[in-house]
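Heads up, the thing below is written out as structure tokens.
Order of writing sets the labels: A, B, C and D. Residues in every chain begin at 1.
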């Protein structure tokens, strides 16, 4: 895997498990979103505050490879890379490694777009940030 | 879009919205999963009952294109196609159309695998079903 | 049980189950909230639209007695009664009956308050409705 | 407030917010449940492992007073007290204080029962623990 520019540790919570005793597939998107937002906060980009200015960061495409399931009591880290693609898209590469063994549990590519009043704008115009 | 073999109607519930006033990205996976399980039930394949026999249907990969967001009070239909890929994979094409205008909101491809005691088996051996 | 003034049918979705194979406790609040919002919509009170006018209906207290758990494939109906309490509170009595046997699964009392710009107002001033 | 016997820190995640920009009411039950399970783990009582032995800790009643809403970026601590009530019930007093100002956001009383093969047993027989 490439070098992450941001990482965030989590622990599985039992309400995130489904009847198979593993974290439900949709919950990984919650983990990924929270890690992205914390990454943005670390760059002084506040998702909730931007929304107040009619600027919304939205996901246009998601690809997730599920490699192994997280279970009750598992600790893990979400790692993240980000790059611009074309004029208006940001691509996040995000992957989850279980702790402490470092096993890759999911590998994901998330494409985001920045909208102002519903129209795409260059992310650097909204956020002052160059990816 | 191709012809669906199964479809299921839903209505957005307000707790599914996030602070942008649109359905949170992860919630679409819930809609897709529920539609797949209801499809399987319609074929007499019971996800929860299979789990009791140590047979688990798991998602190995998901791709979702988010085209337009669902909002409060929206009604919509999840449509579904399914096909075998190789020996052990089932690929579901699923898409969501808003009602009544039929606008496509998301388009998704979900790859599933059938596990017995944790090892992949041919889905027809687990379910008696030929896709 | 008393006579409901509103009722709404649901079916359990498998992502709502936890590792015990039963609907997770927190999910019942989702069912109750959705039923309340649909009740309000039936009275032309739109929770999301009111929020745009800085009027928020918020829950100040919740009591739920869990009597029996909902499981995979269960169908059920959420039933509802509403009454004013004092000047600013609305009390919803809500209960869930499994279908088709009518067994009571939970019994809940939800107290709501109507806020305008963050301050309590009489619900009839916000909604035009007399409970 | 009384002295807690256990406490656990959290941070709000944006997917937990609803369109009002505040944590959805049902999500607090997730926080409370996770804190209870972590408390039990700290006492070597593993909710998921007990389920494997047909012993289930279930919630029979919940009361929550919502005093002030958590918002994006809020940090908070869930505090907990536990006591036996009668032969088979454990009552958890749980409350949430925002950080760093210590403001009480919710105050909750959760009643739990310990079931073995679906029948109530004394919690000390299931868990070896005296509350």
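The rule is simple: a contact is a pair of C-beta atoms (placed from the backbone, for glycine too) under 8 Å apart; a residue touches a chain by one contact, two chains touch by 3 or more.
Just so it is clear, the model here is predicted, and its values are computed rather than measured.
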Result of counting contacting C-beta pairs for A-D and B-D, higher pair: A-D
Farthest chain relative to chain A (centres taken as mean CA coordinates): C
Rotation angle (°) superposing Cα atoms of chain A on chain B, nearest 5: 180
Inter-centroid spacing, chain D versus chain C (mean Cα positions, whole Å): 22
Computed distance of Cα centres, chain D from chain B, in Å: 32
CA centroid of chain A to CA centroid of chain D, Å: 28
Where chain B touches two or more other chains, by residue: 14-15, 17, 19-21, 24, 26, 30, 33, 48, 72
Residues of chain A touching chain B in the complex: 19-20, 24-27, 29-30, 33, 48, 51, 56, 58-66, 69
Contact footprint of chain D on chain A as seen in their complex: 13-15, 17, 21, 30, 33-34, 37, 41, 46-48, 71-73
Parts of chain A lying in touch with chain C, wherever the complex brings them together: 14-15, 17-21, 24, 26, 72
